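Remarks on the structure that follows.
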Amino acid sequence: MSFRSDNASGVAPQIMAALMRVNQGYAGSYGGDASMDRVRGLIRDLFEAPEAAVYLVATGTAANALSLAVYAQPWTSVLAHETAHINIDECGAPEFYTAGARLALIGGAHGRITPEGLMQALGKIAQGDVHAVQRGMLSLTNVNERGTVYGAADTAALTAIARSHGMPTHLDGARLANALAATGTSPAEMTWKAGIDILSFGGTKNGCMGVEAVVLFDPEKAWEFELRRKRAGHLFSKHRYLSAQMEAYLTDDLWLSLATHANAMADRLATGLAAIAPVSLQHPVEANMLFPTWPEGALAVEAARLVTSWSTSEAEVDAFLATLR
Amino acid sequence: MSFRSDNASGVAPQIMAALMRVNQGYAGSYGGDASMDRVRGLIRDLFEAPEAAVYLVATGTAANALSLAVYAQPWTSVLAHETAHINIDECGAPEFYTAGARLALIGGAHGRITPEGLMQALGKIAQGDVHAVQRGMLSLTNVNERGTVYGAADTAALTAIARSHGMPTHLDGARLANALAATGTSPAEMTWKAGIDILSFGGTKNGCMGVEAVVLFDPEKAWEFELRRKRAGHLFSKHRYLSAQMEAYLTDDLWLSLATHANAMADRLATGLAAIAPVSLQHPVEANMLFPTWPEGALAVEAARLVTSWSTSEAEVDAFLATLR
Amino acid sequence: MSFRSDNASGVAPQIMAALMRVNQGYAGSYGGDASMDRVRGLIRDLFEAPEAAVYLVATGTAANALSLAVYAQPWTSVLAHETAHINIDECGAPEFYTAGARLALIGGAHGRITPEGLMQALGKIAQGDVHAVQRGMLSLTNVNERGTVYGAADTAALTAIARSHGMPTHLDGARLANALAATGTSPAEMTWKAGIDILSFGGTKNGCMGVEAVVLFDPEKAWEFELRRKRAGHLFSKHRYLSAQMEAYLTDDLWLSLATHANAMADRLATGLAAIAPVSLQHPVEANMLFPTWPEGALAVEAARLVTSWSTSEAEVDAFLATLR
Amino acid sequence: MSFRSDNASGVAPQIMAALMRVNQGYAGSYGGDASMDRVRGLIRDLFEAPEAAVYLVATGTAANALSLAVYAQPWTSVLAHETAHINIDECGAPEFYTAGARLALIGGAHGRITPEGLMQALGKIAQGDVHAVQRGMLSLTNVNERGTVYGAADTAALTAIARSHGMPTHLDGARLANALAATGTSPAEMTWKAGIDILSFGGTKNGCMGVEAVVLFDPEKAWEFELRRKRAGHLFSKHRYLSAQMEAYLTDDLWLSLATHANAMADRLATGLAAIAPVSLQHPVEANMLFPTWPEGALAVEAARLVTSWSTSEAEVDAFLATLR
C-alpha cells in the first residue's frame, strides 16, 4: 500500500503483456518499428488531429523540457503556475533545454492559473524593451499539481490570452488521462480545440513503465523536436518497447479505464477522510490527488499529499482509513 | 534475421523475466528501489571498486553525454577518435550537455587511437593561451566503432598520456561486455586499473531493453552527476525497471555469456565470409562487428557494417552466408 | 540637462585625457599593456587585497554575468533582490552565462535584502533534493536599485548567512563608488572584509567611457574567469584603452570625488523636492538616485527615477527644480 | 615599431578627435544617440543596402559569435576554414553563443576555402539523419587568416554552394577594409551581392579603439540580434563612444585610406624581404599580412606572422628590413 505517488505503482498487466508480445525477433530501431506507426495513428485518432506529429520519450521531465525548448527562445519567459512540475520538480530542466529561458511564476488558488493572474504576470514583462526578458510561452498543467482540473473552457480562456500576446501554449499532461476521466471531455476539446499547441501526454504515472507522448498539433517544429530529442539522449534505440507500451495504453481505452479507477479511489479516500473529524482537505479533490491537513499531534500519517493510481485497491483505501481512525 | 545493428535485437529472456518479477506491488521511485541497492553492490563487486558511484540511465547517448559533462568544462576539448559515437551518432549531445565543449578528433587505423595520434592531437591545443580552447578530457570507446578492441595495456598507455596532461578519461563502453568477452580481461583491469575515470557500461546493445550504467570510479562528482541526470530528464520515476534489467544482466555473468555468444557469431560470420572470394574485411574482427567490402555489382547485401548480437543464431549466420554465395 | 540615468552623462575630462595619453605608439594587446599592470596594483592597494585577481570589461552586464558564472553552477539558484539589475535589466544574461542557473528573488523595502528575507528565500530551496534547483550564491547590489545603501555591517550580516549555507557572494558595484562616498567606509570594509567574494566595481556610470573592474578576492577562479571572458568576446584587443580609463579613475581618488559630487547633487535635488509640497519620495535618498511620486495631473516630468552623476551641475539641479515649481 | 599584430597599434587621430567631439553634454544611451542614426545611414549607403540592420559591438569575437548565433541552430555545423579566427582564436565563443553548434573545418591552401573543399565538407554531413549534426551555415573570412583575399567572384561561388544547400553565409570582415582596398571592389559587390547574409565589418584593427559593425543584410533577425547582444553584455550604455568611432571611420573614406596605407606598407615589407635571399613567404601578400619563413639560425626575428597597420610608417618598415639584413 502506498499513497505517496503514482510513481510508486507498478505496470498494468496489459502493458506488461504488450512488452512481452513485442519482444519477438528483430525490429527497426530509433522509432522505425511497426508499432510506432500504429501509435502515431492511434494518437492522431484519439486527438482528432490527423496532421499532428507524435513522439515518444520515457520521462515526464524530458517530455516537458523538450516541448518548452521548441517554443521558448532563450531570452523569453515561460509563464507557469508557481506549483508547476517544471518549476518545482525538474532541477532546472527548462533552463537547460531552452538554453536559459526564465520561468515567470503565477500564483493562484488550488494550483490554478486564472485569467487575471495571467494578465498580471504579462503586465510585469517589459515586452519590446531590449533590457528585459521577453514573452515566450504559457505552460499549463492538467491535472495540476494541487489535484484540480482545468475544464476545456478554463484552458481556452487562458490560451486565448496567451495567443493574443503572441505566445503558444504547452500542456503538461502527465496526468491528462485523469483530467479527461474526471470531466468526460474529449481529448481534442481539452487540448488543441482549447488552444494547446504542444502536449505532453503521460503514460508513466497511469500504468505504463516509462513512456510519454509528445504531440505537436502544428507539425512545423517536428524535425526540430526530433533533433532536440536525439541530442538530449532521449531517442531510444530499442524504441519498440516505448511504442508497445503506448500502443497498449491507447488500445481499448486502457488509459481511460486506468485513470477512471484512480479517480474513483481518490473519491473513496476523500469520502472516508471527510468522516474523520479533524482531517480537512486543502484543495478540492477533482482527480487522483488529495492534500489533507492532519491534526497536530496526529499519529504517523503518510504525507501531505495522497495519490491514488491505477493499482490502488478499495481494500488499500479502506485499510488506510481504518489505520487513521 | 538482421545484421544491421545490435539495436535491432530484442530483450534476452532473463531480462524480461526480471521485469516481470519486479512488477509486484509498490516500490520506491527515482532510484529508491531495493533493486538499485543490489545493482550498486553488483557493479562495485564486478569492477572491484567499493567506492564507485553507480547510476543508471536508459540510453547510451545519455550515459556518454552526462559522463563528459561532469569532467569537460565548456572551454575545453574532448579528445576522441573521429569515428567515435560521440562524434558521429549523437547529434551534438556532447556540446549540449557540456555547454559547448569541443571535440578534438583523432584519426587512427581500425578505429583506434594510438599514443602517437593522441600526442599529435595534444600538440595542436594551445594550452594556457586564453584565445584557445583548452585541454579537457579523453574519451575512448571499447569495443570501438570499427569493431576492434583496446587491451588493458593499450588503454593504460593512452590514459597515462591523458593524465600527464591533466586530463581525465571517459570510456564509452556501450559494447564493453564484448571487449571483456573477447580479451578475457577483468572489468577492473580494463577500466579503472587502466586509468579510466568514468565509464558508460552498456546493457542495451547486449540484451537489455534500455539500460546503461554510469560508473564514477572517483565518487567526488557523484552528486553533480545526479543533478545533471535529473536536470536532463534521465532520472526515471519507475526506476525499478531500470534496476531490474541491470540486476539480471549482472547475475550469473549474463552480460558475459551474451557477449561471448555475440562474438562467437561474428567469428563464424567472418570465417564464412573469408571463404567467399571477392569479399574482404576492412578491419580485424575482434568482437561482434564486421566491415566487409563487397565486390562491385554484388547482389543486394545488407550493409557496410554487420553486427551480431546475443540473439544471432548459427542458423541465421549460415543462412546469410548461403544467400551471399 | 538629464536626470534619466547616469549613463546619459559623458566622460570626465581626466579620463579623456588618459585616453589621449595612452594613445601613443604600440602596446601589448589583450591585457598585456603596461597600464594594466598599474591598474592591478592600484585595485589591490585600494581594496587592501594583495592577492586579488583583477580584470577589466566594458559593460556592467558583462561584469555581473561573468562574475555569476564562475560561482553559480547551472543547477543552482542565484539569490537576489527582485529589483536587481541582473533580474530586470540584463535580458537574461545570468541564465546565458551560467548555462541556466535560476534567479531566486527576494523582496524587501527600498531595494534592500534583509536577513529575514534571505532566510525565507533559503527556506524555499529544497537543498539536497535532486528534483530541486539547489543553492548557488547570493548577489547583492550596492548602491542598490532603489538608491539605498548597505552599510558594511548590513552586508556582513547577509554574507554570513550565505556562507553558513555554503554560498559565496557577488557584489554588483556598478555604483559602489557612490556607496563608499555616502558612507565613508573603506573599500575593503565594504567588500571582502564584509564577506564579498567577487565584485563588479563600476566605472562607466561614474565618469568613465565604458570600463568595469571585476575583482576576485579569492584568485582560485582567476583562470576560469579569463577563459570565460575571452569566450564571451569581452577580452579587448586594444586593452590599453580600458586600462587607461581605470588607471585615471583610480588616480588621486578620482572615483571618490566624482561620486561624492553626484551624491551631493542628489542631496540638493532631494532638498529642493522636499520644498515642493505635492512631491514625495518613495525611498530614502542615500546616494545619487531619487524616486519621486509626482502628483497626478502634474506637468510633464522627467521620470519616476531621477539620477544625478559626476557631470550634474548645481545650475542643472536648480533649473530642474525651477521648472517643477 | 611592432609587426606582431594590427591590435598593437593605437587609434587614428581622426577617431580620437571624434571621441573628443562626442563627449559633450548628455546623450541617449544604449544606441539611442544621434550619432548612431548617422552610422546606420552611412553603413547603408556604403553597402548600398537601405534595408540592412546595423549594430555596433566592441570586439571582433562578439561580432562573429553573435552573427553565428542568429543563423546557426545548436544542432548544426558552421563550416569554416581550419585557420579561421572563430576556430583558433575565440576560445570556443561560437559554441558558447550558438548553444553548442559545431565547427566543421575545411582545409585549403593560403587560408582559402575552395568550392571543392566546401563540397567535400558538405559531403561529410549526414543531412537529414537525426543522429548527425546537420548543416548550419558557412563562415568566410576576408582578408583571411593567411593574408589572402577572396574576390567577389570567389565569394559568390562559395555562397552559391552554401545557398543551394540551404545555408546562409557569414563574413568575418575584421579586415574587410584591407580586402576592399586591395581589390578595389565595392563593399556591396564584396558582400551581399556576392551572397553574404551577415557581416562583421571591422574597425578595431584598422585604426579604431574598439568597434565592429554587424550588418544584417536581411533585417528579419534584427530584433533577435538585439536581444542576443544585450543578453551577452555587448550593448553599451554610453553607446555614443562606439557610434562616434564608426562615424568618423566611415567619414571621408577614412576606413579605406587607413587600409590602403596598411596594405602599401605590407607591400613595401614584402618587396624588401624578397631582396633578402634566405627569407621566403609562405603565402601571397595580398593585404596587410606576411608569413615569412626565416632561415634556421637566423638572428632574432619578430614572428612567423608580420602585420602592418594604419600606423606603420615607411621608416619602421625600412628599419625592420635593415635590422634583418
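Here the chain labels run A, B, C and D in written order, and each chain numbers its own residues starting at 1.
Rule of thumb we're sticking to: contacts are C-beta pairs under 8 Å (C-beta built on N, C-alpha and C of every residue); 3 or more make two chains touch, one makes a residue touch a chain.
Quick caveat: nothing in here was measured; it's all calculated off a predicted structure.
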Centroid comparison with chain D (C-alpha atoms), farthest chain: A
Centre distance in Å when chain A and chain C are each reduced to the mean of their C-alpha atoms: 43
Whole-Å separation of chain centres (CA-atom averages), chain C against chain D: 33
Gap in Å, rounded to a whole number, between the CA centres of chain D and chain A: 49
Shared interface positions of chain D, touching two or more other chains: 30, 74-75, 90-92, 96, 99, 130-131, 134, 227, 230-231, 235
Contact graph of the chains (line, ring, star, complete, other): complete
Of chain D, residues touching chain C in the complex: 1-2, 5, 7-11, 16, 19-20, 23-30, 57-66, 90-93, 96, 204-205, 209-210, 227, 230-238, 241, 311
Chain B - residues contacting chain D, complex: 74-75, 88-92, 95-96, 99-103, 130-134
Residues of chain B defined as touching chain C within the complex: 30, 73-75, 99, 130-131, 134, 224, 226-228, 230-231, 235
